[in-house]
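So that you can tell them apart, the chains are marked A, B and C in the order they are listed, and the count of residues begins at 1 in each.
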Amino acid sequence: MSEEYNFAYLNEQTKRMIRRAILKGLAVPGYQVPFASREMPMPYGWGTGGVQVSAAVMTEGDCFKVIDQGADDTTNAVSIRSFFERTAGVATTTHTGEATVIQTRHRIPEEPLKEGQILVYQVPIPEPLRFLEPRESETRKMHSLEEYGLMHVKLYEDISRHGHISTAYAYPVSVEGRYVMDPSPIPKFDNPKLGDCPAIQLFGAGREQRIYALPPYTQVVSLDFEDHPFEASKADHACALCGAEDSYLDEVIVDDAGGRIFVCSDTDFCARRQEAGHAGKDAA
Amino acid sequence: MFELKDVSKSFTLHNQGSTVIPVFDGAGFTVARGECVALTGASGAGKSTLMRMIYGNYRAQSGVVAVDGVDLVTAAPREIIRLRREVLGYVSQFLRVVPRVPTLEVVAEPLLALGVPASDARARAAALLQRLNIPEPLWSLSPTTFSGGEQQRVNIARGFAHGFPALLLDEPTASLDAVNRAVVLELIAEAKARGTAIIGIFHDEAARAQVCDREIDVTGFSPACAA
Amino acid sequence: MSDQALLSVRGITKRYGAHIGCAEVSFDLYPGEAMGIVGESGSGKSTLLNCMAGHVAPDAGQVIFDTAVDGPRDTLQMSEPERRMLARTDWAFVHQHARDGLRMGVSAGGNVGERLMAVGARNYGEIRASAAGWLGRVEIDTDRIDDRPSTFSGGMQQRLQIARNLVTGPRLVFMDEPTGGLDVSVQARLLDLLRSLVRDMRLSAIIVTHDLAVVRLLADRLTVMKSGHVVESGLTDQVLDDPQHAYTQLLVSSILQV
C-alpha cells in the first residue's frame, strides 16, 4: 500500500459527504441523491462514480472484487482493483462468495449475494426518464409527483416498433412501488436479482453526480404491460465452456469464418463450475 | 310565443364621432302559437334589424323582447343559446357555414346539437333536401360552392330540420323558382299547423298573402313616429 | 340546463411590475359552452389563459373548477400534484404550435397513449386500440400510428395534438390560437373537427385567438380584451354584429370582408 495517499484515496471529509448521500439513498430507496462528485484519477465513463462509492464504504478488513460485464480480467476491472490495492491496501479476490465489496459494471454476479456484502454499480446515466424528457427540472418534478406515464411510453414505443419490449438492458424498475429507477446498464436477465436481495446495492454516477441505493430485501418490480409481461431473457444456449444453462451468456467470435461460441459472462462463476467438473461442448 | 313591449334600439358609432342612430322607440306586438306575422315597411325601415333583435343578434337598449317567456334583453348568453337550440329557429338570407362541411351535415346539425342520434338526424335532413329538390349527388359537398338559390334552399332545410316552436324567416322565398317556392310555402303552412309561431319578412306579396295572418308595419316603431 | 358552472373565474389579476397583464377578469363557463377570448397582441388574453390553466400564478383571483370528485374547488389553492393531475384528466390544453404540445421523438400512437398511461393504463393492446380510434376521429390515417409527428404536416400535427389531449375524455379544453400558423384550407378542416368534437363530447372550451372568423365558428360566447381589461362580452354573434364598445367596433370594422 502506498503511504502517499489517504486510505482509499479520498480524504475523510469527502468520504463522509459521500456516506451521507449513501445513507440518504438507503433511507429513500430508488431516489437519486445529488452528491459532490470528485475528480478521480481516471476518465469519466471508467467508473468514477462506482470508485467513489467503493472508497466511501471500504474498510481495512474488506475483501474487494471488481467485475466489468461479468469479467474480473478486463483492463478496467484490473486497474480499479489495483487502484484500491495501492491506495487502501485491502485484500482483493475474484471469488464472488469471498468478496465483501463488489464493484460492478453492467452485471450482477450469478452466484447469489449474501447478507454483509455490498454491490456497487457504475452508472453512466442515472435518470430513467432522461431519453424522453431532457429537462432535469421536469424529471425531478415527475419523480416527486410519481408521474411515470412517460416510462410506459418508452416501453410502448418498443413494442410498436419491434413487436415486443426490446429494451434489453437498463430496463426500468419500480422500487417499493414509489420511485422508478434505472438499474444501470445490466442486462434485463439480471433484473429479478435486484429485488429481495440480501446484499446492499449502491449505485454511483460520477459524471452525473448522483447516488442511489437499494437496501437489503427491497421490493423491485420491472415495468411492463399486462399483455406484454416482463421477461428476463438470455441467449438460448448453454455455456460452451461450463455447460451452464441458466447463466447470462456472451457471444464470442472465435475465428475469421464467423464461428462463434456462447460463454458465461460471469468469469468467476464459469471457472468455479469448470473446477467442479462441469464441461460444455467446447471445453478444452 | 313572441312578446315585444316598449322596445327601443339605437346604434352608437363610437369610431365615427359617436354618432347615435335611433332605430326604434316603443316597439311592441305579440305573436301567438300557430300564427304567422309579416313585418312590412319600406326598405331601410328596420325589418331585418327588428328580426335580428328578436333572435338576440342585435341588442335592444330597453324594453322586453320575450320568446317563450325568455327576455332576450336581460337573458344570460347561455339562456339565449339554449333558446336558439330548442325553441327559436332563424332562416337568414345568407348561409354561414364552416367550409368543407357536407350539405347533409349542415342541415342535420341543429338536430345533432339537440342530441338526436346521428342516423335519425341525417334521415330527416335527407328528406328535407329531397323535398327542396337539392340533387342527391350534392349532399356530400359543401354548400359554399352552390348557386344562390341552392344555398337558400339548404338554409331553409336547416331552419326546418328541427320543428322549432318559434321561427324567424328572412325572405324565405326570394331567389326561388315556382316549384321550390311552393315547397317552402308548404313547409311554412305545416309549421303553422303544428303550432309554430312565425315572424317573417316577405317581399313576395303573393306568398305573404298566402301564409300570413297579419302584417305589422315597422315604420310605426320608428322614433320619429313615436315623437 | 345545468345551473352549476363548470368554471368560475373571479377577479383574475396579473401584473408584470407596473405593467398590467390582465385585471379583474371574472366570468362563468357552463358545461358544453365554448367561449372565445379575442384581442390584439398584448391585450392580456394569453396571460389570462395561462393564469386559468395554471401555467402562470396570478396575483389575485380565483379559478374555481367543478371537479368530478370534490365539486367546485379553487384550482389556484390546489397542491401542485392535484393541479397536475387535473391537467391530465379533466383538463386539456391545445398549444398554438403543435411541437409545444407533442413529443416529437415519440410515435403518433405513443403521443396519444401517453395520457392513458399517465393515469394508469397498463394494457398495450387496449392503449393501442384507443390511440388508433382517436387517430381515426381526427382524420389521421391509422397506418401512420407508428410514425413520428416530425413526419406529419402542420395540420396533421395539430390534429394529433388534439387527439392526444382528448383521449382521456377531459371536460374543459383550453386552446391557444389553435388554428394559428396553418393554411386557410387546413384551418377550415380543423375548425370543423373541433366543432364536432366539442359538440359530441359535450366539451367546454376556452379559445384564445385574434381571428374573429375562428370565434364566430367555434364559440358560443365572446369576451373582448384590451390592455388587460375585458371591454365587452356576450353572445358571439351579438358582440360581432352589434358591438357596443368603441374598441370592439374598431376591431370588427378592421376585418376584411370576403
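We take it that a contact is a pair of C-beta atoms (placed from the backbone, for glycine too) under 8 Å apart; a residue touches a chain by one contact, two chains touch by 3 or more.
What you are looking at is a predicted structure, and each value in this text was computed from that prediction instead of being measured.
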Chain of greatest Cα-centre distance to chain C: A
Chain closest to the middle [Cα centroid of all protein chains]: C
Chain A-chain B separation of Cα centroids, rounded to whole Å: 76
Separation of chain B from chain C, taking each centre as the mean of its C-alpha atoms, in whole Å: 32
Centre-to-centre distance between chain C and chain A (centres being mean Cα positions), rounded to whole Å: 46
Chain A-touching residues of chain C, taken from the complex the two chains share: 80-81, 84, 88, 103, 105-107, 109-110, 113-119, 122-125, 127-128, 145-146
Contact set on chain A toward chain C in their complex: 132, 145, 147-150, 152-153, 156-157, 159-161, 224-228
For the chain C and chain B complex, residues of the former touching the latter: 1, 30, 33, 185, 188-189, 191-192, 195, 199, 216-217, 220-221, 234-235, 237-238, 241-242, 244-246, 249-250, 253
Residues of chain B defined as touching chain C within the complex: 11-15, 52, 56-59, 77-82, 96, 98-101, 112-113
